[in-house]
């Protein structure tokens, strides 16, 4: 009993320097719903929400960014629309972008908001259309309403953070005529982190971390400088779905974000462990001078 | 040419006392999408958005509240789910409330936000789940996730109004365990107006106004005191879809809202005409001492 | 009736982009009492006050600057003092400057204040002596207390604007020993606009606008760049009472003021028409890069 | 030399408890121009201005109120208008009130402002017309534009005091239609003191103080409670020009002002001596419980 | 390793509701130096400082109050002064109170400040003499400068808390003539908690907690209502050094403090365990309705 | 009687320009306890406190810095510890620095605080350990805990000044591990003046002022430029205890402090006379361009 108490006290004291270092700092977390610990999706959401609320309560300013890939496909399937992909990107006509918007803003976003708000009135859902926050440009005429981030106006987010809310951001942008665009959520997370001058940019994934050799589990990278990661990207050693993650985090680290993290969302409370304990978890990518 | 200029100047000067009287005042507008002027829905939205932006620019603080009835039925139809109604209320099981949420938060809300934001970064979409704003209680066990408003926490809306944003509110509430509820948008509009101490509560409808005798167009009511309207409600002279509108506006007028208006949304810019000109339009319901 | 409503709505919507563009912007209006629309002076004041109040109510920050030439001559005449002019400037001995001050601060200024305040507690009269606002230097020893603007301390005006008052400024300056000076009101208007970083500087006159050829009504200038106007000044194509107006507006446009306007005050509500409608009225002079 | 220094130090130390007690307190001073020390009017103004500036610099918040009786008569004489008095009050037709306004706002007020501002940008002249500050009602139909104070809106004065300006108030009021009224300056001083919750209300006069027996110099009152003074007023022991002074000071002391003072303005720096030294000067009238 | 991580995460999550509940709340901690865990005094200080800094970092507002009994005796011994006690209270002549002040303000206080500030610029030492914070009255003429708390002026503490400093308060008071008084630190802690409307008042002692029967370790009280504790005090069941602790905590709980705690300072990090974990430690005394 | 009044008024008016010039300015006063006017130490403190309070009341922001040399020796003597000096500096082992801290923070500092606070709740005692304000580095390994100022963090002082407190600073610093250091108070005064951008830095001494020739009273320096004083320091014309005073004041004048003063503390109220009268007292050292 005394030993348990001592261990608890030790954990709290271990957290002290991290709480001090990160007080008031913005941490942008890219939430990948299919990659989280928990026996059910509801359970995974619950654990994730606890981490976000704890970060907020000890004085950090978390911002959640999410996409909605699997849920979009599910809805398209349900309404009998066949998805079409080109180079891994969903061809998004006007009807499809409406479905994307329904899922991202009307399904995934409020689920995250609700899970966090079980603990109090913290989370506020926003999309890039609100207050013209994310200005999008089309990526490729043939892809329809698939966009890139042209500019971020952080004033809505800053206003919410100042009032101590936790913004939950759906990765939808808008062009100058008011058309919505689907934007890769990893890209949005990086751009938001950059616009807010975030301390950390965290990707929750279903892998242990980045590897020097994708095929070799023993080549897991604990820590790497952004220049070296950029070299790996150029060399083609980063592949598939990791490309937008890595590209946007390289960009963010070169524009003021202090560090980025690729974490294994399958570990319960991995966010807390990374931020508040001495445990080295996943891959940490450092910006700044080498 | 001089005459045209004189007429324009006269209209602007006519607006002067109204702009002065309503400066800084909150006006809650219940938007009924199927009831607006315009040759197409897009056109209707465009005209409505101009009115809201003009109100905001001359110093009022408009808040838009919307529902999504027809669009919900359309999506249910599309996914092959047969709506069931009891006493005019949609039976809303867990699956249905997810669809309701998708439509309200993910379709109707961003359409309104986008239409307004063509003019600048004004509108921000919110739902009652954000920051725990609308606390709901179930109306009837048999109806599932159909709720009544238990309490409104106006702090998120006040924060947005203070920063001069235009909140666009989807009528979704949340219970203490985080389940979403569908709430009649007329009811939400009244409750929001009350919580914000609004000056005006405006219902845009597809009728000319309230009538003393529903069957007689000549019995259109220009102005009525809330007590008399309440008597009509008690007498059963208010029927069908008008009941929640009238009931919630009676409640709001008895709790601090100054006046309520039932306007004919089929007249272009009816909001501007009601607020900024001497024209008497639709039905005005007055609170306060008789 | 519906047509009238439609026309009114159209006028209000026409004003929308102007209200948006000028929100929070300072507009300095040089009031020339003898040049305004209205069948009587009282009527002219009434129309002018309506324009100023409307500008203030929709979010602009108007500042009025006035002189008092005719009224000064009237008072001198009444007390039996013969005015003496040199090169069109009134020789102003100590006794005369006291009379000037009485008329400007004690007669014209409170008349303007009173006309505006019929609509509410908006206007506050100030002179350049208040809070040492306008520091004057003598123009010419032979002219006595006729001054040029040496420096403007805008802090009193900024304080009044911040509290949403409408400053009404009498064109009197003060030297370091506390002597008052009469300063040309056109010059004061330009200097005040410059010190406040005004968006617009408007001269209300009794002419239709500037002409390329003074003798030719058809040569009315609709729009001109400040460089071209300066060239006209240098060439001697600007004459008489227009010289201080044009000189001070050239200076102001070269020091941060965005545009200047010479308007025909004989048109009722000309200020409103210029600012809130698409009508091109009078002469607009543009600063900035050509 | 050491003795002089010691005396100086003693005077400064003597002032210490008074500076502490009055820090941040409002002191309303009724300036009577014809009653001040100084070999010339200019000299009198200079001494008075030094006192006001010193009060302001050590942390008090002085407000000056003035009338203009002799100067009004002088101007009327100059323009050949014969003053008419009834019961000691000037009959004030529309033409006369314009002259009154010219003198009060355009002559006396800026002279005071200029004298104070020789020391820095402290004074700002205002009249009761500015920001609708003094609402007047006519005293008597037969007297024309002679008014009583109906209400004071202190917001303009509070705004100026907050920015550490010294307001100089001309005793002109305004009715709801915008007509100016001449109001007795003693009355205005009392009403302003009351509206600002002043600590002190000071009348500078040309008498040594109040006397129990007007004819007996030995009956000078050093200190008196407001109730006793009120009794003297009721008994008819206060006469002539002292009546409005005494009546308004009784009213002010019964509505929150702490003390009133009738001082002999012929003593140089009498304000400083009263406020910052132990010398008992003139008559002090105390409010509060006896 | 995974288990360790899971245990750490569990401890952090366990702290979540406590951090939320106590965010922004004031916790007054009476530090008893001779009662703390740690193999040396320096070690005890280090552990205590970690707890205070962690409380501050997660959003609580800790205030430390201390005495200095043993150190005072040590200094008196060193300078060859024999302490004299009456009824357990030190007779404190002018020379002794100077020594008390030296120890409390010049020795114990800076040691606490220094220990906390190893972690950052958090702690600021104050005594009741600073800003006249603790007004003292003599307890008994025969005891000399031994005082009771007459009044607390919390403005200095509130100012420090607002700037997020951690005040460290030495239990010295001052009378109206500027003489210092020694005041029991338990009493000061209660009075400070009351003046600040503290959430918690914590006494760190060298006992396990309060007992119903002092002689029976099994009678340890886990939780008790203030009324029952007051009854024990009246019955004489509280003895010796516990009397001022219990009396001042009864007073504080009856004047707005929410709960008081008697903790065993010999347990490492007992403050953290009490505040942030579910462990029931020491005795908790509850105020409010039973 | 009238003459006395006139002399008092003259003294107050003489102070006017100084009060105006120094309004809001920081004045750092190095208090040398053994050098003040007064028949007893208590009397000297009383006179000094009056000067500080008067400065504060008329709008200056005084900061007091003190050492404690004689009192330290007295305590060491009392506890039987023999002081050891090297090159005039006290060798300060761990035990000695504890005694130094007790005297400076626990004896001299609260005496000053108490003397000032007889007039109101003005003074707050601080040391360089509070909020990590003075970061010290050891001067010389052989001297132990004798330090130099490494850096000043003025935020605590600025916070106190903003709330209109008078900080009283004990010259103790702290290193990064939390050890206290004794620092020469003249040096601390200069560093604090520099960190606060003080207007004046005043040394109260027991000499009349600086002399060009130490042996010749007739060579008293009334005014000198910092460059010339620096030359005297380099030439060896400054000796003994004056060296740290002169060195730190040269440094402060070269880093933003406007003037420094060496005053004769044996003259009663010498601070007031220097600051608020035309008397030239002691030596004034000017910074800025020559």
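Should a chain be cited, it is by its letter among A, B, C, D, E and F, assigned in written order, with residues numbered from 1 in that chain.
Here, a contact is a pair of C-beta atoms (placed from the backbone, for glycine too) under 8 Å apart; a residue touches a chain by one contact, two chains touch by 3 or more.
Predicted model only: the values in this text are computed from it and were never measured.
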Separation of chain E from chain D in steps, with touching chains one step apart: 2
Topological distance between chain A and chain D, in contact steps: 3
A-E compared against C-D, more contacting pairs: C-D
Greatest separation from chain C - chain, by CA centre: E
Taking each chain's C-alpha mean as its centre, the one farthest from chain B: F
Inter-centroid spacing, chain D versus chain B (mean Cα positions, whole Å): 56
Interchain centroid distance [CA atoms averaged], chain B/chain C, Å: 45
Separation of mean Cα positions, chain B and chain A [Å, integer]: 35
Per-residue multi-chain contacts in chain D, two or more chains: 120
Touch-based graph of the chains, sorted into line, ring, star, complete or other: ring
Traversal of the chain ring from chain B via chain C: B, C, D, F, E, A
Chain E-facing residues of chain A, complex: 2, 5-9, 11-16, 19-20, 23, 50, 53-54, 57-59, 119-120, 267-269, 272-273, 276-277, 279
Residue numbers on chain D that touch chain C, as the complex places them: 75, 78-79, 98, 101-107, 109-110, 113-115, 117-118, 120-127, 129-133, 153, 155-156, 159-160, 163, 165, 172, 174, 177-180
